[in-house]
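Shared chain: chain A. Partners: chain B in the first complex, chain C in the second.
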Partner chain A sequence: MATGATHGERQRPSFSLKERLEARSLATPFKAKLAAVYVLITIVLLLLFAYFEFDTAFMAEWLPYIAGGVPLTLIICVGGIILATALAVFGALGRLSKNPLAQGVANFYVSFIRGTPLLVQIFFVYFALPQLAFKEQTPTFLQPFLVYDITFAAILALGVNYGAYMSEIFRAGIQSVGYGQIEAAHALGMSAGQTTRRVVLPQAVRNIIPPTGNEFIAMLKDSSLVGLAGATELFYRAQSTGKAESRAYETLAVAALIYWGLTSIFSFFQKRLENKMGRGYVRELASHGH
Partner chain B sequence: MRRTRLLALVSMLLLVVATACGGETTAGGGGSGGGGNDSGQAGKEGNDLLAVIKEKGVLTASTDAAYPPQSSRNSQGELEGFDIDVTNEIAKRLGVEVEYETPPFDAIVSGSWSSRWDLSVGSVTITPERQAVLMFTTPYYYTPASIAVHESNSDIQDIENDLDGATIGSCTACSYEDYLKGSLELTTGPVESVIDDSEIKIYDTDSTAIQDLALGDGVRTDAVISALPTLEQAIRDDVAIKIAGDPLFYEPLGVAIDKSAPEDPKAFFEEVDRIIKEMHSDGTLTEFSKKWYEGTDLTKKA
Partner chain C sequence: MATELIRIEHLQKCFGPLQVLDDVSLKVGSGEVVVIFGRSGSGKSTLLRCINFLEEPTRGSIEVDGTRIDVGHMTRTRREKIRQIRMKAGMVFQEFNLFPHLTVMENIIEAPVTVKGESKKEATERGKELLAKVGLSEKADEYPIRLSGGQKQRVAITRALNMRPKIMLFDEPTSALDPELIGEVLTAMKTLAEEGMTMLVITHEMGFAREVATRMCFVDEGIILEEGGPTELLKGARHERTRRFLEAVL
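Presenting the complex of A and B:
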């Protein structure tokens, strides 16, 4: 036994540094390591921040004004996503329709809008349509439908643009409902409408809602483009202040942090929604306990 | 059953698509950017713009809010500057409130505002080209156009010779861009450029060009052409530039009103013009100029 002990004592110091570090690492929970990385990133960022002498007093002074663009950003995005959802329903049904007119129009809509840049669309709605409105050949009753203030133009452009992308999401969601389900519904004597309403849509919605949340978060970021047309939303406020005050880095850093905060908040809710919607699909949830 | 439902859906879809993106199909032909020469007939509707503004009680003005000391926002988000003071005074004398829109400057000078704003007190240079689409009041001030270089620059002594072939920054759709191209025409006639073969670098607004210049001598641009007061304001804000040489030319700046406004702008234009003249004679404009331009009176013709 004594020899065994000496044997053990001799061996312990012979662990290499690498081995000892590995052992220590194994003993440390992953979450603690992750936390350490975050702390490190924060320290590095703060050091850079201090090194480049970001004027925090200036940032604090302008924060309320720049953050004052958040309500408009949210109004534009909420309006945009509602319009996009409505258009996507039509777009998806049109794409799936056996009617050539419906399918043709829907195909054109999705292809054309997805094939042109969002910024071009925003500028088209805000700058080009109003110029058409007052042409001789434009009927007077159409004029109010062609001239928008920047907020409405932004909602329209973002809604139409995202509607095209979401048409594809909705179409996939509808198609993901197994054909057997539809056959079963028919076998039970349901009409086509009943099948759609009671069988297909409830199941499709479950596939559609989570990606729609993602689209909303993407739109939060894309909405910054409407600032270029003069909407006094978050990005406009940051960049125009940056120009006027010659402080592009402070103002844009403030805007970036606010966008990040917003997307983080919505991502959190999106995640919860996704979990809730997917509950019915998750098996052996309790046994594995992620 | 199914068919009718589909038909209803399709017609709704068509309607939505037609109203929402109906314009897009004509994108190639219709939206030729600045083109405002079309249908300059005012007063198509027979409504009077002045009456409409007074009835609403609101004057909508457009401004480029990144153009200090003429127009910029303070940290409370309030607009301030020489142009803003003039706008507010015009509204006050019209007896109405004022609201601001902040479209890009090139959208202001290209006309065809489609009644989204009523006037622009945006330091707009009066040129015959712009007069084709806009109506200008009597100039409310005169601004010298100058060249700035990076503060470390020592090569550019004589702007008439040393800047030939240089990269020079200018705001887009500005009189300065036309000047560098040699195509600037003021109401007094063509203005000949003393700078030859410059490579023009276009920016959305003057302050962006100035900040690019401040990055270093020749880093992104060799020089910037802008209004002297704007350059001087940047220097006061510790931007690393300096003025080179004497002003190149003086330009008269007027309040702009859209010629093709859907409501007849004639009476409105005359009223604003009268107010500007009144503000000249009662010293209001001089007072504003001294307030924003370090005691200089820019309201008299140079």
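Presenting the complex of A and C:
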């Protein structure tokens, strides 16, 4: 380019390479640039893939087995989020309660669970509780409540863990319902319980559902920790076959892609839900005070 | 004075070290429309909110339609009495406070069904009549978000009325409204007064007071400084402070 400019036509206003690139860049839509970046990333990844000679045949062969962990992953997460939601309702109401027992228990639950690692909790439920069950001093009727199969232990650990985090989300959702709403309900003669059930919670749910979707997506990923305790879910299958066949690259890449696919699907629906509920809520706020 | 519906005796209210009400006594008879006015921070809103125990009085007693509550610990019986008073005293707020997750009709029947255990059908039928009276029949299935401020306040009035209260408390019902919407709310309140409803109204709409009030109370620095009929008070208030305030709002 520089040579072209020196060759004869000095009089014509010449643009530097930088300027021409800038002009071209301005003329290109942003989305096209973004697409170009994605294509570039894909090419780089594929090149790396080829360079390290990933065994695609092996991946194809073991894909069904690894993907076979998806149902268990989903079962654990759906169960976990249901349990977490139930616990979060109690956790949030407890933290907001004026009853010292309720508040104390809820505070302890949230603080202790949030202050300890999820992995430790999973191992505790699956490996430590059964030990208690077979101690001499443990009453026999308690034993069934201390020994769980791995699926149930996973649901329990994830549910209890996420319930603690979600307590805070639920608490914020409840607190964001205006005090005027509570006063209006009281002025109509509604009791504290009626006010909570009929006025506060239905409005809080609108604030709570979108972040709960986020928690579900986060749990999809955290559920991989359960694989370490031996649940034959997605990650366990990937890493055990990878280890056995010395193909950890391939199997973990497959698992990562499946996780990514799952979270993308749920993110898509979660975004839509969020937009829908967010709109209603903003309009409500705008109309509320004046 | 006809039958006495409200009797407030030696009411005192402190928020921490701040004394908002200082020994207020007030009696309101059946069918009276009492307009309460005064500058912001004078304690007039607190006075109204003590009647249905949205604020807990520091001293004194409140009696509404024969249910008397003194200052005291919150026992089961006391809580029940407060609920009875709240059912007898409908309240309308400055900010409407309609339930945004419920439609207009659901707002109106919520308390009769939940609190009084009425059937939905019964509450809805009465609600329809009340809604028609404020000219909002066609809005029954709308959500509050779709209503103008004036419409919201008329729904709020209807919601309170559907509990069939003995008295109505209005806490600056038109202060949050655009000027052109104030009239429709005042008209609804005027109709209510004409039907004989006992009303306590905090407002600075002196035209409304002149026309509708049977009595006016000027609240100043936590006491009822002056009260009287609207004509005498608006023309010749005894106290300098009342006169100055009226000059400012008239």
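Miscellaneous remarks
Please note the rule applied: the second predicted complex is superposed on the first by the 264 of 290 C-alpha atoms of A that agree within 3 Å, B and C clash if a C-alpha of one lies under 4 Å from a C-alpha of the other, contacts with A are read in each partner's own complex, and residues count from 1 in each chain.
Please note the rule applied: a residue touches a chain if its C-beta (ideal position, glycine included) is under 8 Å from a C-beta of that chain, and two chains touch if they have at least 3 such contacts.
Predicted model only: the values in this text are computed from it and were never measured.
Contacts of A:G115 after superposition on the shared chain: neither chain B nor chain C is touched. In the superposed model, A:K243 lies in contact with chain B only, and not with chain C.
In the superposition on chain A, contact of A:Q181 is made with chain C only, not with chain B. Legend: residue contacts after superposition of the two complexes on their common chain; A:A229 is shown touching chain B, with no touch to chain C. Legend: residue contacts after superposition of the two complexes on their common chain; A:P139 is shown touching neither chain B nor chain C. Using the contact criterion defined above for the overlaid structures, shared-chain residue A:Q203 touches chain C, although it does not reach chain B. By the touch criterion stated above, A:F127 is placed in contact with chain B alone, chain C being left untouched. Contact with chain B, but none with chain C, is seen for A:G94 once the two complexes are overlaid on the shared chain.
With both structures placed on the common chain, the touch criterion links A:S191 to chain B and to chain C. When the two complexes are overlaid, the chain among chain B and chain C that reaches more residues of chain A is B.
Once both structures are placed on chain A, chain A residues 191 are touched by chain B and, in the other complex, by chain C. Against chain B, the residues of chain A that register as touching in their complex are 61-62, 64-65, 68, 86-87, 90-91, 93-94, 97, 99, 101-102, 105-106, 108-109, 112-113, 116, 121, 124-125, 127-136, 140, 143, 145-147, 149-150, 156, 159-160, 191-193, 228-230, 232, 236-237, 240-241, 243-246, 248. Only residues 52, 54, 83, 86-87, 89-91, 93, 95, 97-101, 110-111, 114-116, 144-145, 147, 149, 152, 159-160, 163, 176-177 of chain C touch chain A when the two sit together in their complex. By the touch criterion stated above, chain A contacts chain C in their complex at residues 178, 180-181, 183-191, 194, 198-199, 202-203, 206, 280, 283-284, 287-290.
Contact residues on chain B toward chain A in their complex (touch as defined above): 1-2, 5-7, 9-10, 12-14, 16-17, 19-21, 23-24, 26-27, 30-31, 38-39, 44-45, 65-68, 72-73, 75-77, 101-104, 107, 112-116, 205, 207-208, 210-211, 214, 234, 237-239, 260, 262.
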